[in-house]
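Same chain, two partners: chain A is paired with chain B first, then with chain C.
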Partner chain A sequence: MPTEMRESEQQPAEPLDQLLEYGRGNGYQLDWLRKRETWGNELHPDMEHGGLRLQDAEVGPFGEVPDVSDNETGRPRGALRREDAPRVGSYRVKSKSEIWMRNAAALYEEALTRQWSSATDVPWETLKPLPDDIERAECELATFLSDVEFVAGDVPGRWISDTSPDFFEPRMFLVSQIMDEARHLDVFRKRALANGGGLMQQSRAFAGGFGSSIDNARDFTEMSVRLHISGEGLILSVFRMGERMAYNDAEKEIYRLCGSDESRHVAFGVMHLRYLAEAEPERKEEIHCLLDEVEAGLAIGEGTSSQNLLTRVGSTGSSLAVLLGAGNIEEGEKLAQAMRQRQIKEYIQRVKVSGFGERFENGRSGPVLMKYVAG
Partner chain B sequence: MVLTRDTTPRESRPALPDDFAQRFGAQFAELSAESGDPREFSLQWGTRAKPGNPQAGLTIDDINVGLYGHIPDRAESRNRIPRGAIALKGVTDVGGYSVCDAHRLWSDQAGQLYEEAIQSRWQTATDLPWDTGHGVPEDVELAVCQVATELCQQSQTEIEAISKWFRELNPIYHEVKLHLACNVFDAARMFDGYYKRAMLNGGGMLLESTGYLNRIIQECYSGWTETSTLLHLVRGSFTHTILRYLTTYGPTQLDRELAGRCLADKTRHIAYAMDHLRFSFSKAPERAGAYAISLVAAEAQVARDEADHVLWEALAVIFGGGVRGMDEGMEIVKRLRRDWVNDYLDRMAWAGVMRRAGVHPALRQWIEEPDTEAVGS
Partner chain C sequence: MAHTFPSVEWFQALADIANGDDDLKKFGTLDATVVFKVAEQHYSVTFDILQARDVHESSADDALEADFVIELSPEKWQGMIDDIQTNGRAGRDWTLNTLDMIDDEPIHKNLGQDGFAADKFHRYGPTLQRFMDNSSQLETEFAGAAVTT
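Now for the complex of A and B:
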């Protein structure tokens, strides 16, 4: 049963007016001591079923999210204003549609529930020496992922501080993502250094460039499409195949735990894009153009600069083939091909759920992508 | 080669081999994918980090073995190369990562604080006794809501101030970034906890903060060290003291537990800042004097917040058990203010900044009060 709201049955011991009069008579101002619109509504959470969740507490004016925020002082949503409070925020994201989605509070709560420790929740003792080529491939992958997790942790940070606190639910979710990515960076670094290989060469995929990247996005939705829908979505597909790449229980658990976190991040991106498509349909064409770029950038293994770790050329693609084929590259390449196909299918599904599925029916999506799926 | 955990203090570790820079930057980047020996693709093949303490598992400090544990004084790259990975030749900067000197962010405690935060993980939804938070007298409940509003706004300031620095802190010092990820997550949880507490009986959010210290924390672009000092030592000491008093005088079990949980988190944040500041001054001692001068301006803003009656009155209602007990409550508030100023000055002195003699008069008045019993110190 979710949190129940009840009217307070308690009778005040002494009327507030009387207490205010007494306090003011003793030299106190007590101008802050007042009842809000929600006074008397008690929350009674069911502790066996999720406890008191953020979404349960969003009632009355505190649950009303403005379409455009005029909050410049950083006050919590619904708090009473002081006329003399200084402006502190310089918030760039002031429109709800720019960052909002319907279940951010629930995703934030889920992130809290599913916190884990890379130190103690991974059975490190199950790591056993591996053949050199397999160990190298595992470490190549771990190095790539250590690198990529910095992107996914550092970039959202900027958007948190740029977003009005009236939209605290997506901000809180992005904070939980920073926490998740820190743990991912940590666990992949640990994997690289725990079984004889060490860190390998840094990835070319995240080198600087001339824009059109997660780092350089000037709009939150653009960043989210590049990061959540594309980047993290592609990695999620790989984590879901972790069972095929893992050589021990420690690696299986790492992929499983990271995959669970990653699926929340992807869900955030999908739900935000869906909200935007509904709230501002006039932006759909702009988003389609963005997806054109994303799909061209997927490159589906056509270049070493692809941010997809399943790129056919380059060290991470080769490493995955080694891992999937247990050293037999040809066999591994076939499995990697199947994995790429699955990645693209899952990407298409995400875009459809986000409300942009027409691009796969009207020929807008590139022929390379569609051919890949058909193949 | 199997390496064990390097527990030697960083300062007394032997110098790296002469060819370290060459190995790090050039030689290995020349290897082609066709090279036959997989071991050539790692700078330290054979690394097998083990847990230093089986109970604690494999910690982030445990994997600081050999060159992977070498913390450079300055990061040479402004991209995301993991520390100890082989650099690709010609990789460009990715933007940001401007904080490249160890003395501008490092703390030897960061890794341990990160692991502690993970081990102490909790959630407000299910780990707090919400059912004990009802039945509070109206005036006390409203005072709790006012204090909750203040703490929520402090948390939001903390979230914003730290978040914007992530892209500036060089990934070579990943332990610090991991700790700060926990810090910002803790701040979100403190917001979440006090927001729910304010809503529990319908009181809601009351009057926003005066906001002067919030403003200078947000406006601090001079460096991460400066931001951390304002956020963790100036503001953090204040928040820490309020939480400490609420663990004793909170009107319900819920209030005492919530404050206690947040207090433990806040203690870690302060520990990082103290250790970082001390490290920073050990590398750049001339900064300590400049700091003492800069803090005069910060304390002046604190004094403006301090002069406002709202938070003090709300705390006095809580501590005194209601409006009728405010005089007694205000005596406890005076002790709180004295403890806060003393804690702040002691922490700064530990780190190397002597502020006691020159502290702003509005703060000095509290440490010149006659000595009374402190709470929970």
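Now for the complex of A and C:
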């Protein structure tokens, strides 16, 4: 404890020297007892303002994030090296700009305080029997969302162990995201089964390879654009619209809580892309090319290759129309159309905040996308 | 005692309820200054971890510093509060989130174009909705209207 050490500092150095000498003469390695330069720099938790947060511990050498990490041994950032440490990590993500963002520690802390339980925080008792068409649509959508959330947890998981421990803040955020996605998977699975319907057929969009297009990303930023900016952004719009198509307080709470989680994940992607754009502007054209590809998939009604999973074709899109229209599919389709339009608008806003808004002004963004928004 | 909407007293009463509401706190911590805009009036509430503090009427310039501004027409504010009074919580057409979705423009925005701050509207959604739903506990009368809920 620092308090104890302050007491020891008041003592003459001689006893420590004697102890070290004793150790050398009797086979003990006690050099680690020597104080580091950081000794005595206490942290002062403000319990009225969030306690001792991760960002509060980013001080001195412990807060210094290298632009390029040579840490191959899993050494905690700021800890002293051991020359004999084995190279346990073969980290692909070694450059700060590849994964970094401002506010990662704050987002991680936010994630910790906003965990919830699908077992007890959803008022399942409000779930009542629904008309058959509505219940089947609920089950179809829940099947789709359970499928989506499996991918959304699986993909970032691959990148955690590939990232240098010097960039532990985004790593830990991704760990929290995986917990969130596991909870989303389980809550939609429970919803599908809770009223006696059960899981329906896997979405055509997934069977058509949407998930694998994210999973095949060769670079963290590419994965993040496909997953956080595009995929999760689109799902966030569904969760947000979910309150409108909820038939009871249980469903309303599910969508609301999932939306809160999902918006954190989207914020991670936006803030990472923004950092990359500022730190390595020479990579902007590469990212624009990636966004070209993403936007081609966002265009509506482009068949099984569409990244917009809510195209009107397919069971997922039509299940939304049934739910939004309370069985009146024509009315529901109008609302679904408005939702798709909002999805694209929100995507555009995210890309602008990320630092790539010029594509919507210089004609780079596809005419189909722009026409859709205008429409 | 009836509280007039909009007024500092009304938002302060809501903040007082929030500060004693364990069900609101379970949604997690916050770090945001939110301005509620009603016609040309601005009311600022700072959500600091688990407390709603510093409720005051602010200026349009102050709103530039807020994480986000929630703006509705007086009629929609009244519609929302009436619905909350009737149902004990906002029905599906009257949640902050739904109102943000259904019109051409969202009801929330960061006036300084700070997307990270504006996104707090979504990230703190369950807490903000609970904050507003607690108005079911307030006897409310609307300024300039005879309507009392």
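Basically, the second predicted complex is superposed on the first by the 337 of 375 C-alpha atoms of A that agree within 3 Å, B and C clash if a C-alpha of one lies under 4 Å from a C-alpha of the other, contacts with A are read in each partner's own complex, and residues count from 1 in each chain.
One rule holds in what follows: a contact is a pair of C-beta atoms (placed from the backbone, for glycine too) under 8 Å apart; a residue touches a chain by one contact, two chains touch by 3 or more.
It should be emphasised that the depicted structure is a prediction, and the values quoted were computed from it without experimental measurement.
**Q** Looking at the combined model built on chain A, do chain B and chain C fit side by side or clash?
**A** After superposition on chain A, chain B vs chain C: fit, no clash.
**Q** Who does A:G50 touch here: chain B (first), chain C (second), both, or neither?
**A** both
**Q** Output check: A:L236 vs chain B and chain C. Expected answer is one of first, second, both, neither. What do you get?
**A** A:L236 sits against chain C, while chain B stays out of touch.
**Q** Based on the superposed arrangement, let me know which partner A:R264 touches: chain B (first), chain C (second), both, or neither?
**A** Only chain C is touched by A:R264; chain B is not.
**Q** Hey, in the superposed model, what angle do you get at chain A between chain B and chain C, Cα centres, nearest 10 degrees?
**A** 120
**Q** So in the superposed three-chain picture, is A:L323 touching just chain B, just chain C, both, or none of them (first/second/both/neither)?
**A** Neither chain B nor chain C is touched by A:L323.
**Q** Compare chain B and chain C by how many residues of chain A each one touches, and report the one with more.
**A** B
**Q** After lining up the shared chain so the two structures overlap, which partner does A:Q349 touch, if you call chain B first and chain C second: first, second, both or neither?
**A** second
**Q** Examine A:P76 and indicate which partner it touches, taking first as chain B and second as chain C; both and neither are also allowed.
**A** First partner only, chain B.
**Q** Please work out whether A:A338 is in contact with chain B alone, chain C alone, both, or neither, and reply first, second, both or neither.
**A** second
**Q** What is the contact status of A:K252 with respect to chain B (first) and chain C (second): first, second, both, or neither?
**A** A:K252 sits against chain C, while chain B stays out of touch.
**Q** Can A:T113 be said to touch chain B (first), chain C (second), both, or neither?
**A** both
**Q** Working from the superposed arrangement, determine the closest approach of chain B to chain C, counting only CA atoms, in whole Å.
**A** Checking C-alpha atoms only, chain B sits 10 Å from chain C at its nearest point.
**Q** Both chain B and chain C touch chain A; at which residues?
**A** Residues 50, 109, 113, 115, which sit in both footprints.
**Q** With touch defined as at the start, can you tell me which chain A residues reach chain C in the complex?
**A** So the residues of chain A in touch with chain C come to 48-50, 103, 106, 109-110, 113-116, 121, 236, 240-241, 243-246, 252, 256-257, 259-260, 263-264, 266-267, 270-271, 338-339, 342, 349-350, 352-354.
**Q** Could you pull out which chain A residues touch chain B in their complex?
**A** 8, 10, 12-13, 16, 19-20, 22-23, 26, 28-45, 47, 50-54, 57-62, 73-82, 84-90, 108-109, 112-113, 115, 117-120, 122, 124, 132-133, 135-136, 139-140, 143, 146-147, 150-151, 153-158, 160-162, 165, 168, 171-172, 175-176, 178-179, 181-183, 185-186, 189-190, 193-204, 206-209, 215-216, 315, 318
**Q** Could you list, by residue number, the parts of chain B that touch chain A in their complex?
**A** Touch list, chain B to chain A: 2, 28-29, 33, 37-39, 41-51, 56-60, 63, 65, 68, 79-88, 91-96, 114-115, 118-119, 121, 123-126, 128, 130-131, 134-135, 137-139, 142-143, 146, 149, 152-153, 156-157, 159-167, 171, 174, 177-178, 181-182, 184-185, 187-189, 191-192, 195-196, 199-212, 214-215, 218-219, 309-310, 313-314, 316-317, 322-324, 326-327.
**Q** What residues on chain C touch chain A, complex-wise?
**A** Residues in contact with chain A: 26-29, 31, 48-49, 92-93, 95, 97-98, 100-102, 113, 115-116, 119, 122-126, 129.
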